[in-house]
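Below you'll find the structures, each written out as structure tokens.
Both complexes shown next keep subunit A, but they swap its partner, so subunit B is in the first and subunit C is in the second.
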Partner chain A sequence: MWSYEKKLQYPVKVSTCNPTLAKYLTEQYGGADGELAAALRYLNQRYTIPEKVIGLLTDIGTEEFAHLEMIATMIYKLTKDATPQQLRDAGLGEHYVAHDSALFYNNAAGVPFTASYIQAKGDPIADLYEDIAAEEKARATYQWIIDMSDDPDLNDSLRFLREREIIHSQRFREAVEILKEERDRKKIF
Partner chain B sequence: MNKTLPQEYYKQLEEIQVADFVLIELTLYLDTHPTDTQAIEQYNQFAHYSKQLKEKFESAFGPLQQGSLNRTPEFWAWKSGPWPWQV
Partner chain C sequence: MKSNPKTFTKVKSYVPYHSPCDPCPPIGRKYYSTPPNLYLGFQPPNLPQFSPIEALKRGTLWPVFYDFYENPYKKRAGKEHE
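What follows is the complex of A and B.
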């Protein structure tokens, strides 16, 4: 089971209402390499991954939900005071007519989330390589969003999230080594 | 909603976020280095510290986690804000 804590993993402050930036951030909300995809990918893979890395997939998958909440908080704060006109100017007119100011799981271009963004091959090394790639893609996306953003408060939180992708990638690389070591040991008679 | 919150709320919350970050980081590290006794010791130290900080925060600002004590017998405080995206 999961248990909720009424706090963010890291503080999220925004300087000004900025629906354009919110639109970019939805890439990390409902996009292919976003936090929802990450959480669902790892937590689904863990049932069939070797015992030695179940804990890691569980804990990283859980942290991804905390990141999803941070991204949602950013989008919410950046758009909550926006007028329909401001949303339209930011390219969110189509979003507004379907969702008002509600959040929705789609990418920055408005494409809805799909399970085909994630994989579960059942081959532990293939799955972990996918996870490493996912972290690296998410890290790159955070960098591109930071490059597009002129909000210093928001960038602080985005840099935190970018660094977490690096840590996760490194932990997954260690998991690959742990499994390779175990596999090679079994071959010795 | 955030206008009514005292500075102390943010200060204590940030202390908890810092302590819990150490716990998350050590958890992931220990998942791949499960026999590092120094890291385990550090983990236990911060688990203890985080618990103390949360006790203090909850007695002033209400429950932070599911399963926490409801300290106001006449009102169910869990359902009240502020929620994380409102502060």
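What follows is the complex of A and C.
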């Protein structure tokens, strides 16, 4: 069960009207290494992983939904007042004809989300290594979006999200350490 | 806020080969991030912490894990942040 706090994990402020950025941000919304994929991946894997790291997957998977909500807010703010012409100029004409300015789970190139973006091998090490890779890929995606964006306020929120990817990667790496640990030395945090 | 005094760098770079026959002018240096999580292993206990407000802003409680990102291709603006 979840409980919901009606606020964002980190404030989202967008200072320039640039719907093209919304198109780029969609990569983190419904893309292969996006927040939706991350949340679904972790929350699904946690059923078949040793008990010691279930909580970690629950926590991080849950946080990914908080990130998804931030990305959604960014996209919404960038597109809600855009005219069809502005959306077309931003490369979102195809999106408009199918969805108006509704958000949809596709990547920046318009490819709809698919469950094959995520994996569940059932092998704890394989799954955690995938999770580490997913975090690093999401971190890189945030970098490339920051590189493409010149909105300082938006970049501030994106930097927060990128930092969280680093921490998640760290925690998954620690999870691997916990699972491969030999009995001789026990470290509790 | 001092973290590990420079035991690793958070950005690396290399110069990709550029052929005289390549169509575009060379990009010069390519940069890539090597954030702290690659180096620290299992987090040791009792690391210095940011204040709660600062931590909420930065996305981490521990300075060692903080890694400010700036587009490396737009003139490395003197923002080292540490």
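Keep in mind that, in the parts below, the second predicted complex is superposed on the first by the 181 of 189 C-alpha atoms of A that agree within 3 Å, B and C clash if a C-alpha of one lies under 4 Å from a C-alpha of the other, contacts with A are read in each partner's own complex, and residues count from 1 in each chain.
Everything that follows uses one rule, which is that contacts are C-beta pairs under 8 Å (C-beta built on N, C-alpha and C of every residue); 3 or more make two chains touch, one makes a residue touch a chain.
Remember, it's a predicted structure, so these values are computed and weren't measured experimentally.
Using the contact criterion defined above for the overlaid structures, shared-chain residue A:Glu174 touches subunit B and also reaches subunit C.
When the shared chain is aligned, subunit B comes close enough to touch A:Tyr76, but subunit C does not. When both complexes are overlaid on chain A, the residue A:Ala90 reaches neither subunit B nor subunit C.
In the superposition on chain A, contact of A:Ile60 is made with subunit B only, not with subunit C. When the two structures are aligned on the shared chain, A:Leu68 is found in touch with neither subunit B nor subunit C.
In the superposition on chain A, A:Tyr10 contacts both subunit B and subunit C. Of the two partner chains placed by the overlay, only subunit C lies in contact with A:Ile166; subunit B stays clear of it.
Overlap of the subunit B and subunit C interfaces on subunit A: residues 10, 167, 174. Taken in their complex, subunit A has these residues touching subunit B: 3-12, 53, 55-56, 59-60, 63, 69, 72-73, 76-77, 167-168, 171, 174-175, 178.
Across the complex, subunit C is touched by residues 10, 139-140, 142-143, 146-147, 159-164, 166-167, 169-170, 173-174, 177, 187, 189 of subunit A. Residue ranges of subunit B in contact with subunit A, taken from their complex: 13-14, 16-17, 20-21, 24-25, 27-29, 31-32, 63-67, 83-85. Residue ranges on subunit C touching subunit A, taken from their complex, read 33, 35-37, 40-43, 45, 56-60, 65-71, 73-74.
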